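Chain naming follows the written order as A, B, C, D, E and F, and within any one chain the residues start at number 1.
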Amino acid sequence: MTQHYQNVRESRLERGRRALAEIDGQAGEKVVASLADIAPDFATYVIEFPFGDIYSRPGLDLRAREIATIAALTAMGNAAPQLKVHIEAGLNVGLSRDEITEIIMQMAVYAGFPAALNGLFAAKEVFAHIHATE
Amino acid sequence: MTQHYQNVRESRLERGRRALAEIDGQAGEKVVASLADIAPDFATYVIEFPFGDIYSRPGLDLRAREIATIAALTAMGNAAPQLKVHIEAGLNVGLSRDEITEIIMQMAVYAGFPAALNGLFAAKEVFAHIHATE
Amino acid sequence: MTQHYQNVRESRLERGRRALAEIDGQAGEKVVASLADIAPDFATYVIEFPFGDIYSRPGLDLRAREIATIAALTAMGNAAPQLKVHIEAGLNVGLSRDEITEIIMQMAVYAGFPAALNGLFAAKEVFAHIHATE
Amino acid sequence: MTQHYQNVRESRLERGRRALAEIDGQAGEKVVASLADIAPDFATYVIEFPFGDIYSRPGLDLRAREIATIAALTAMGNAAPQLKVHIEAGLNVGLSRDEITEIIMQMAVYAGFPAALNGLFAAKEVFAHIHATE
Amino acid sequence: MTQHYQNVRESRLERGRRALAEIDGQAGEKVVASLADIAPDFATYVIEFPFGDIYSRPGLDLRAREIATIAALTAMGNAAPQLKVHIEAGLNVGLSRDEITEIIMQMAVYAGFPAALNGLFAAKEVFAHIHATE
Amino acid sequence: MTQHYQNVRESRLERGRRALAEIDGQAGEKVVASLADIAPDFATYVIEFPFGDIYSRPGLDLRAREIATIAALTAMGNAAPQLKVHIEAGLNVGLSRDEITEIIMQMAVYAGFPAALNGLFAAKEVFAHIHATE
């Protein structure tokens, strides 16, 4: 996998689209599509800032970035749909199922056992869905 | 750095003490000491469960574990003292200042700009303190 | 729309009932009814304090109050049923669909993109439901 | 009900199993079973630390411990499945339905009306389910 | 201590004042006084709803109510001044220092170790202050 | 005050700088300056996305946007420095002190009395500081 998203000739939107496709795959496209009728400009922002700006920065690889995101969304405990998208993204950028499970379990220390339990159940669902569609 | 904390002859408390010393250094010992007069049993739990159980597990290296913790504490936004301890821990286990800054900046996407800003100011304080005592 | 809820002869409960009916409409009555068998006193408190005391105060109009409530519930991210009630309330007191969408989008800045996304999906559901029943 | 969980010959896991069975009953066993295929070690941690360590401590009775847990989970507002388990646990350790309703209502003061409302709806569901299976 | 706050001839404000004085003592009066210049009506609401309505209800004794409040404020982790007021209130209504410490420690299970640690440090401060002024 | 920030010849950064200066004044410049040594790119993002993209959108006036932000930051309860900046910004875009106080008081309904109290104390500090420097 190449992570050289920074390309001066490319717009933030183009760069973001490439990053989103590589990281989130179909799950990311689905989120963007679901915004088309209610807030199309927000779909652009979602691609531009998180993916065109942040994930495209060279200072941290995508594996580390997905560890951070899975940890944060598990700990916050109020964003189940996004956590599922990023558990799948974690697999896409090279994290193993066991590593994702370790990250979520660790959140029991910082955000409590309910947050970790709900994170594990989200992972279980994502892993089962991927297994069923493989 | 060796991460072979799992040693069957060792108790959770002994294993946790070794992990805490390696990861958190003096900052960890200070937290434990500050609990001595109010809740000494809690000091034991802090060493046993997070460090003796979780951080000692072989499935994820300490670098990845600190990425997860720094991300979560930044995103939660209500645990500044613990975030500072883990920014220092991140440096102890091999993360660079720039990598820590990247992790915290990324949290703007998931927890908002105020959480990321307050995380960056915590990092600035930790980095300055380390510089001053070197 | 008149907002002269303050009427000295009226009890807090009566004033709250009038405000609740005007602001939340049927959605508010449904919440109150659903409390009848488990916590009828709480139904009274819901009418008295938020509606009889706070929303009836003359210092801020209902449009501004619903902007504040939609923003807060989107940012908190853990109260989807109440957010939907107040998206409908926002329409009742004169906010347009586009204005509500703007408020929710803005929360990406303060509470992160997942909170804003989940708020937009809640709005989409409310708008579709109103369209279907018109 | 005896609360003498502290027994020096017993391991944390054995002590935790006894406490979990008494407090959470079948709901607790169900949670543990659901972790078997994704994170069996986490099932062990759930039994050992919360139940083997914390709930088994002699300094606070189970009734007080469940008041604290129901209050916290209602206030946090992002752990509905765990709140339901502990509403049932509250009944198991001797809290009445009315007392549980009082605890949840009080959370309106500290965490807002939406958190209290969602807590009351969770209680309503648990009470109805118990009634249906009695 | 008598908890018969419900007195039909008394207004909510009068009943709230009596409850506030008994539960929060001087700390409560200080909060009310500090609102005088910025939001005097809010001082009235603080007395009326939490104390005149909720704490005055007969269905749960003040000891149980303070267990619930200390637990919730520790778990939420973003209201240190109010947590300190209620640790003092807990002592006023008969909780021992050890019981308060147990409640806060238990929150590590539901809200993570940082929330419990910060709660314990708040308790340490309150206990030291009371000792110094005795 | 003109709010026609959308100017096609202008970059997001230029547009954001103008919006930031008008809305946050010196407080905004201070935040940007404080990032210069630790995360200069983040200073750019803070100007570009919140101010160049969101606050510059024509669909909602600045008065409404600051109502939303003050409400959200009060309700979240974990971003005191940013809340203070936006209380000042609220005054800059035309909200009165009384209106700001109303917005914060209303948050007691959605996020609890501690969040509202801490918001009021933040406002008191900002109002006093402005008075002292006038």
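Just so it is clear, a residue touches a chain if its C-beta (ideal position, glycine included) is under 8 Å from a C-beta of that chain, and two chains touch if they have at least 3 such contacts.
Note that the structure is a prediction, hence the values are computed from the model and not measured.
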Next item on the list: Trace the shortest sequence of touching chains from chain B to chain F and report its length in steps.
Entry: 1
Next item on the list: Quickly list, by label, the chains bordering both chain A and chain D.
Entry: B, C, E, F
Margin query: Using only Cα atoms to place each chain's centre, name the chain farthest from chain C.
Written below: B
Margin query: Counting residue numbers used by both copies over all numbers at the interface, does the chain D-chain F contact come out same (over half shared) or different (under half)?
Written below: same
Check: More contacting C-beta pairs: A-B or C-D?
Finding: A-B
Next item on the list: Calculate how many whole Å lie between the centre of chain A and the centre of chain E, each centre taken as the average of the chain's C-alpha atoms.
Entry: 41
Notebook entry, point to check: Between chain E and chain F, what is the gap in Å from one C-alpha centre to the other?
Noted result: 32
Checklist line | Contacts with two or more other chains, residues of chain F listed in rising order | finding: 41, 45, 49-50, 57, 73, 75-79, 82, 101, 105, 107-115
Next item on the list: Can you check the complex and tell me which residues of chain C touch chain F?
Entry: 49-50, 54-55, 57, 59-60, 64-65, 67-76, 79, 82, 98-99, 101-103, 105-111
Checklist line | Touch list for chain B against partner chain E, complex | finding: 31, 34-35, 37-39, 41-42, 45-46, 49-50, 73, 76-79, 81-82
Item checked: chain A - residues contacting chain E, complex -> 75, 107-115
Notebook entry, point to check: Any idea which chain C residues touch chain E in the complex?
Noted result: 41, 45, 49, 53, 57
Checklist line | Sites on chain C touched by chain A in the complex | finding: 76-78, 101, 104-105, 108, 112-118, 120-121, 123-124, 127
